[in-house]
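For reference, chains read A, B, C and D in written order, and residue numbers begin at 1 within each chain.
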């Protein structure tokens, strides 16, 4: 019953490559835009967290490309919390083309560290309100 | 006994983000530079293949980030053929920091299609010399 | 009395660099998003023009950086036609920070060529409706 | 008689766009790679300067595109000091295609500030050895 964030992104010309479609690495940027949108939908801002001296590096990315996206269309990135552990959060993603077709599915795992010394910190300790919201919004693996 | 291509890449300022390290999506670009280098080491050029009307889209990317890379260092991308099937090739990668530490490990799966109609083609049919070189250089999963 | 297009852009984390602000080359991408928006405001689509076999390469870019932009803010790109000649169009731009401060001013000059042979074509011949709209919307140099 | 740095760059697939050539904003990244190379040729490292708490933001970019660059070629960026003032340095650039044709000419103006408070600092005060090298290597405007 957790939130599934939906964020529209207008494909940029700069994002295409000589195949005539969006270059595959640029989807990874879209996933991060999706995370930013999800955090906002949960009532927080990632930029605000960084101001508090915390950063959330990506530990892994797994992405499956299904259909190409093209300049001129507006895609939608769906983002949700698939799993939320003590020190790691796994996000699930689905990128939809303008016509509704699935362009890609993905997961990323993120952790939380202190910017000053790159040491891991526990979300529940430094931001109990985030922790509560994250726990309440675990969606799990969606059948796609 | 297959070739493991080693390609040095000087980290660009443009590749960093406000965490002070290389932005994670930029590693995906490095993987492609690794593929280009491997193809060259095998005696071919990917640019030449595209001139023949063929393109090789990425079907999936799986990457694990181990240590951050920084502007000012020269990283090395190791690339090899992990698996080579009839219509798909899986490449393995290891990104090494200048000090030898593993920055990331990854795999990508690529296919081959005709640019004109995006239909799959068989490497063995359109480029038997590539097919032979690929078969002779399957390294498999490396213990890392 | 011509149109001055206003396009909001949410700053992406990927657009920052280790200075902690938006990397300067990324503004050039924003200018193009501004052009796309202006063309849309004029009633056309640049993607549509490319489908007709025409492309509009950039001949020059001149940009002055005034204030840094940061992740978490929404900037606005103002775009207008500064000059419209027989074979070249000069666009003017202003990038505004969320607080209204000018982040950058810029101009670009674009031409129009056929994709098939990279030969110049005249807008008035291939797209008289665009030509008319462009002529009617020359704003000139704005006092900024 | 000052140094003109020459830096080879292998064009990346990621740098192309759907026109089939290098996307124009990516040249701006190459200019910075040229600056990094020039600083190295002068006997310093820009990364080292940042470790000392100094950053060198770009104040303006002016670039003229002459010929497109394509994936598969190795371009050369020539970089030199065109002008060196008390608080600003203007660099000159020429991007050459693999066949020697000029792909682009450009200038950028950079300043020097303290990272901690974004206040301008004088190169001659914080790094007299850099200042001396810069003064000794002003090339001026080249006839291109």
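The rule is short, and it goes like this: a contact is a pair of C-beta atoms (placed from the backbone, for glycine too) under 8 Å apart; a residue touches a chain by one contact, two chains touch by 3 or more.
Here the structure is a predicted model, which is why all the values come from computation and not from measurement.
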Numbering shared by both copies at the subunit D-subunit C contact, with half separating same from different: same
Farthest chain (mean CA position) relative to subunit B: C
Length of the line joining the C-alpha centres of subunit A and subunit C, rounded to whole Å: 29
Separation of mean Cα positions, subunit B and subunit A [Å, integer]: 24
Two or more partner chains touched - positions in subunit D: 13-14, 18-19, 25, 29, 32, 50, 71
Residues on subunit B engaged by subunit D in the complex (per definition of touch): 10, 12-14, 29, 32-33, 36, 45-48, 50, 70-72
Residue ranges of subunit C touching subunit D (in the complex, touch as defined): 18-19, 24-26, 28-29, 32, 50, 55, 57-65, 68, 115
Residue numbers on subunit B that touch subunit C, as the complex places them: 13-14, 16-21, 23, 25, 71
